[in-house]
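Look for chain A in each of the two complexes below; its partner is chain B in the first and chain C in the second.
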Partner chain A sequence: MSVRFQIAAGTALATLALALLAVALRTDHLVRAAEADDVNYASPLEVLLSPDGARLYVLCQQSEEVRVLDAATYAVMKTIAVGRVPRGFSLSRDGARLFVTNSWDDTLSVIDTRTLAVTATWPVGAEPSSIVEDRAGKRLFVANRISNDVAVLDAQSGKEEKRLLAGRGSSYLTISPDGSRIYATHVYPNPPHVRTEFDNRTAPESEITVIDTARAVVVDRMPLYRIAGVFHLAFSSDGRLGAVAEYHPKNLVPLAHLEHGGAFAYTLTIFGADVGKTSIEVPLDELERYASQPFGVAIAPDKSRIYVTIGGSECVIVIDVPRLMRFIHTRPRPQSGSFAYDLSASANYVVARIPVGHNPRGLALTRDGRKLFVANRLEDTISVIDTRSNRVAATITLAGPKTISEQRHGEQTFYTARQSFQGQIGCASCHIDSTFDGLTWDLEPDGFGRDIVDNKMLEGVKGTEPYKWNGGNPNIPTECGPRTEKYFWRSENYDNLTLADLVVYIRNMPTRPNRWKLPGHEMTPAQERGRALFTRSVDKFGKPIIEYNRCSYCHSGPKGTNQKLFDVGTRKPTDNSGILKSPPLTEIALTSPYLHDGSARTLEEIWTVYNPEDKHGRTNDLTKDELNDLIEYLRTR
Partner chain B sequence: MSSASRALAIAASAALLIPVCGFAPNTARSSDAEIGADLIVTAAPAYEPLAALRGAERFPKGAQLLIVHEGKTEPLMMGFAASADANVSFDGKTVLFAGKQAASDPWQIWELTLADRSVRKVIATATDAVRPLYLPGRRMVWAQRELWGFQMESAEDGHTAAHAFLNPAAGPGVLPLTYTQASVFPDDVLADGRILFEAGFPLGTGATPELFLVYADGSGVESYRCDHGRARWGGRQMNSGDVIFTHGASLARFTSPLAREELIAAPQAEYAGAIAETASGAWLVSARTASGTHYALKLWKPGSVALQAVLTVNGENLVEPVLIAPRNTPKRHPSGLHDWDYANMLALNARQSRMGDLKAAPASVRLETQDAQGHAVVMGAAPVESDGSFFVKTPADKPIRFALLDTKGTVMRQEHGWFWIRRGEQRICVGCHTGPERAAENRMPAVLLRTTTPVDLSGAIVTSTAQQKSPGGN
Partner chain C sequence: MNKLALKTLLICAMIAAVTPFAFSAQPPASGAHPSHAAQAASAAPQVPTSAAPQVLPRFRFENFTTANGLPDNHVYSVLVDGERIWAGTDNGLGLYENGKWKTYTTKDGLAHRAVLSLALDKRSGDVWAGTMGGLSRISGGRIDSYTQLTSGLSNDVVYGVSIEDENVWVATAAGGCRLNTRTGQWTLYNERNTPMTEIWVYGVSAAPEKVYYAVWGSGLLEYTQKTERWDKYDDPDGETEMVLFKDQGLIHEIVTAVSYVDNIVWAATYFGGSRYDGRYWHNFLTKDSGLPSNFINTLKGVDATHCWFGTDKGLAYYDGVNWAVYRPSLKDGKPEMTVRDAQGNVKQVAVTTAPAHNYVLGIDFQGSDIWVATAKGLSHGIREKQ
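This part shows the complex of A and B:
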């Protein structure tokens, strides 16, 4: 190595170190500022119109309220406080009641739309995310994200009748125009049905769960092959065309570059009588411009257009339905049923991309189809689009802080896809709603096909460094800065101040309530037994368990990690090293698959399949029931 | 034309031009407001834009950069026998250009500071250096004449006199970006940070001008679009993201939704070279009414039926206009190249091709490179898996091409041209010439289930291609 190179390298390292130090110092300062900050943004997530079109209801997730606006003047008529982190809402058929799902306190707010007051708050399942009422007004259906089901409630009393198993991360419900069916989608891929040697390397699958409304039973599970992340679904008014927004990851291909859809396709699956016997997947992307993170879907009353909000690309995509139909009926259908691999396909049916605000989500069309309201979640605005000109005709500013806090700016940075090459991905592409995606990825720097890694939950990540499964990144600024620029965005990153804001957001990401903990931190008998197993120092045969082979040693501390690296015997032939960081246990019940490469589908498999030599803690002396107890305890972490 | 006579011609031309405004420009003042900025244009008595791809002179009778300021036209700078290839910095304050102080000099790269019109030499080499462009991150790219013609190189631009490069082709800090035995020229730096360049198609062997892309570290080279066959050159990106270029003597575009070029319905005329977009969205174009006449500078509002006169100079072609105005800085490409002296390439399904998928399964893939004389040298072969995937370690920074072979060793399909993979680059191809519109399928390549070690084809196993069976594919 030449002296000149050494000097240059040393200078570069010193510069990098100083830059990271500056970010760290700013981060610490801003963390304190953010923690002390009482900034309360509205964060409009969903919008809907009253049946007569006179009112616009806006679900504000962060301020935890429903704002009722005059749909003509946009004046605020009323603000109604609801529960924690509301995620979905819908009107009863007669418009007399507005139901709001409060995802973090597991309740349902019932609002009388005449008095605009909450008349009841009913307990529901874990993380209720959307709700619909049947046409008879007898039952409510609630999608519960954490319990992966749809709860069926009595519409008058709120009493739960039963649960219907839905997809993993059950989140969005749509009732068919004739009211006979309810369609449920889910944000995390379903676990593989069949165990194979390459479970962690099979394409994800999702479904649309179809429920018979009258009988409240599941009558179909429409498969969505290769899809992970399914969001809103909409029908044409005649019920002959359905469309659902979804992510189509490329997690099985080494993530070497982003061109040619290297990381994701963003698509619609369309189905129904207009489409034919089988559904078909059509891309929203173009060759050099992606439609990152589609979310909301609306179909014009005359079925001429489909509108899709694109959260990461900060726009609304307009699809010409007759052209779309012509495309799917004249092109030879791929055997896979998907056009997602043709980046020139969307030129046949996408007719406009309308720029809107930060992170557009829910949308609502007026009955005449002339106005489209779009909730810009991270901008506290509603874009009003004139659908004849495909332009934003007005922007409704929701009352809220005028300034953008560092944390808010960091959240905008987290969700936008602007940073990445051709706008293909943002942090939220893989960390759906700031969580995870249930997928394993093959990152390029470790070698093609090597070091397959499970994507991790971000909540509670503060204070669990080092990061990456191999512990290669000492802190969040390094993780989100140069590494992300080079190996994820493949394009120029944000500046250091924006990076600092992003770090502030990630470090201050709130942790959702743990549904397995009892009030007052009491434990069930099973949880108590599990805790005893977790902390034990002697096995069932009376033999001491060496300290580093106790669960509680590596998974110590409030977040369940001692932040050290160990070999727990899980190394695969394709892994460059078996030395791995002990991961935190935060919300571990939610985040399957497990182990560094996602090879364990369940917590139980960690010990029953992947711990034959007791290197990953002494567990082979435990019975099935005892492992269940251990799992019961782990779920409380 | 000999270099001596060419020098005389340039000198004569310069003598005509240098007496300020001795060339009697005819400027249409009415267009000033619509252009909204000063502009620079190259004036040349003769313009043969595609000659450069053959290694010949684009401006055989010389050229001079003119500045149009408030309707007044004058030479951009004094003291140059020839100047061309203006590129305005992102802040609108400086101009890179190719120039010759004496007619017998090679073209070199210079930078002009607009505020005081001072000029500094930023590239000093023994051979021609032309077509400089600013890159983000205080770097620049240009075309350097080398053994096989012009190649693109890149270097940090110090923006100070002390940082003028001395013989950069041999010195430190210069990064060769292209590795082909044919001439290539940078056209523009796209908003996403990639460099748009023109070369003959098939790359390294063909003569039809075509537009290609490469990252700023020389990785990821590919055709912009794969509807090849027409002469495409003089590309420049507009604010919309579309790339407008000259197609024969017409204008055409590449636009993000389409995998093929789209002709532009511009008024009847012969167009040439890159265009410039004004702040109002109008285009400055070089156009002429008939072959044999000179190109004048015109303004066209897309969608309108007529060209508007901007500037004509008797006996001169006015080409390659650029506006003097700040513009958006493209994104910098963060190079992810590894510290290796080889490269890896993974093909996901070699059977897939824009020319029709192979019906029969190839048994192996053969890699060739070119020796110093341009002869094909076989580097070896690797198996192709049943799903069409293969994974090979290749020579880096050299022309390479692949051929798919059947079980008997007969070529089923072979690349027409050559490309390269940079040192430390790990590249994935969706198929064999699938076109940029073909996205990767989410499928674990069978080859990676079998092994994560690429077949090493990076060391020469010298075999004459004449010993191989003749190609049976295209």
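This part shows the complex of A and C:
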């Protein structure tokens, strides 16, 4: 053995030892930090001003309250407990009632704004996320995120009249200034409606669902091409200009080079008489600074400005409307109707970028347009912006814990885009509201055009390692640390504490209630039959099903995974391997598309299309009724 | 003729002409009392045997073909949606609005080019289309499709569709099914969980109390929503084409369409029509009624007394006593209207227009007007003042 080789070997061993020590120390730290804290933050998500401007209503998602503040002194007038995880609220036209949608217990709290007390709690649809009342005070419209619809209720009794089909992940509603139309947006892209050879690689499409308020029927669906993730929509007071905040993912090209703008554009689609016959998409991003995760939109009463909260960039963007109009009417319009990829565009109309708190979401303008209130969800503050100077004039600190817990810090880390190159993306860019995005992506590590992967739900991931579809990451710290830092952020590594806190947040992410489960442990007859099929060991011909080909073998345990790797016959020519981790079944009903590459648009397709040889469980002996039963059971997981 | 041979013959006939279909009916005011055909045997029919003389409706028919924008001349189904008219054709779904036709195709998301059946969800305004390749929902211009591979739909050949509350009831070539649009749950109905002996289901008519399935070769199935119980009505003569006893029960096992309205079931077969009021049956044959043919593709009840029949030999109307037939003459193709009174007296009424073709597959009402889907065009019967 040569001396040179010995030195090299020694160096390598020393390096390995140091690396192991580092991993050990790091893991030790992570273990210490792994327990969740139980700190009840307010987490203000939305804000509203009373019609007279005297009160500021703050919807606090985590403390599950509405806090009523004096809009002049910011003193708390009342704290009103509402239902689980409230997500949206709005006032009746006369301001006499405040409606709150409680997204996790599927109820609507009705608050009398005179007494500031909850006067009724009405059951509504699955994950109600937004609500508006019509101008006549006859009907309420509620966007239900899980059932993908807008429910129409009697405004006095709360009785549901009907449901209208909306976009997937129906979430935010806005009534037009004249009250004649309601506009609904949705956070997940609609399923592709035309089957192609590349179903899992078709551009996402979303819509603005337009409802005739008087008739309560859908009269139009404004297409939003290449958009996945649509949030608040606002109108100018004259109704001639509408603007909606949205994500424009670039998921059809390899997600490799953030430095080349390779992940997302964050945009507004603007429409209305001021814009012209067709809507147009304009970017919020700048050359060096992206506008990651736009959420709330408000238009000044005099239509001079559009304000947009940017959740991941922790700022409010101010758009000069006359300059925006000049831009769209003088710049040659792309055939696509979109300027999304033009990073020089926003310099023509973005006039300010006002730093605010962590994860700014809802916003409200005073009637004179001079003050803008912004809810900083992960900071428990409200920024009060002087719109003449475009500066934060005051910060209202909501009562609550003053310390930042590890979990809270982890959640801030999850939502912020500051780690990534040019602030392009945060975890929440793809995991919308800590869930998923309904898209497939081509990630770099496996090679360009190789291993297209479906984005997965994060709830319940604790204890389901290894991670990644190929099981390549042994634990969450690896998944969220080196992998994310190297392949996603392209900019800044986490320090150990930050990574540990992020892991704590992800490990302790609560799982939403399953809407297909009956109360208690009851099951419908179809679910019972499906469970029997799921656990069966003999097929319909009396032949034993080999253990590893039973549903309940790979998808065992409370989360539906035995955490092992299998080849279930779904390998595509673009896949480097067909050996895949059996994924958990948590909230499987919500998370289409399915399979590792998102090729199955529905649960049915997993077996009707992609299991011809019974490698993905013995299922080809089942009748259609039985397959339906199996799916009914799976939806309870 | 045995059933298989008969089926084969009829399939050939359909291929030569067009595929039968079914349609949905108006919901009834209240529930009907279920009863089997046998219980009604030899009982008196409840159809009025006399009525005040009345004038049978006369129409001026305006016909649409590809020449004036219809997507295809083979029209399987028609649906009135306020001022809009939907036409399910062999080559796309046509929408007639403001004097113009727009065509939806598979490129727009339609499950298949051939649209066999249509139903309107009056509450949401959504239109449901049963096609040869799945079920499609047209909502605000967006089309979502369900197939046997992508959803719980029992079979891609959807002959009939009917809306009741939040449920979409579907008749397919492999049984019936129900989609709960609120929960997304599919429930299948076939030989394993209903008295259905054949699973070729041609039509469905759903109401809050009852749902009726027209089953090719397996009679008429009744589902009582409250009790979740199935009843089956068969031809008391069995599978023969002979009618041994008049009005004993369903006229024939090969049921092609059903319409449930005002607690009355109107059923079409390829061997005559039937009316059932929950206790008594009354059957209609060419030999003792004004039906132009026993081969009935479709029917649609107006109410408990009045019904329209779509046959292979013209469009027929029954007012409880009298009959009218509207068609191009079988002899020379000239427009023809004949009326038949309770005594069987038939007379010609002079007309200048007729439906586009005698092979009638779909019927819907627009106020006092009628729309008729035929094998060679869509017809708008504009009621004339009389």
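Definition applied: the second predicted complex is superposed on the first by the 598 of 637 C-alpha atoms of A that agree within 3 Å, B and C clash if a C-alpha of one lies under 4 Å from a C-alpha of the other, contacts with A are read in each partner's own complex, and residues count from 1 in each chain.
Throughout what follows, contacts are C-beta pairs under 8 Å (C-beta built on N, C-alpha and C of every residue); 3 or more make two chains touch, one makes a residue touch a chain.
All figures in this text were calculated on a predicted structure; none of them were measured in a lab.
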item	value
Chain B or chain C, by number of chain A residues touched	B
Partner chain in contact with A:Ala352 - chain B first, chain C second, else both or neither	neither
Chain B versus chain C as contact partner of A:Met523, first or second or both or neither	neither
Which of chain B and chain C A:Met325 touches, first, second, both or neither	neither
Partner chain(s) touched by A:Thr608 [first = chain B, second = chain C, both, neither]	second
Touch list for chain C against partner chain A, complex	106-109, 123-126, 137, 139-145, 148-152, 154-155, 166, 174, 181-188, 190, 192-193
Of all residues in chain A, those that touch chain C in their complex	125, 147, 161-165, 190-191, 193-194, 207, 209-210, 215, 217-221, 516, 526, 589, 601-602, 604-605, 608-609, 623-625, 627-628, 631-632
Residues of chain A defined as touching chain B within the complex	4, 198, 201-203, 226, 248-254, 256-257, 259-262, 265, 283, 285-289, 336, 340-344, 346-347, 350, 421-422, 444-445, 447-450, 482, 485-487, 489-493, 574
Chain B residues within the chain A interface of the complex	136, 172, 192-193, 220, 222, 241, 256-259, 331-336, 338, 344, 346, 348, 391, 426-428, 430, 436-445, 448-449, 452, 454
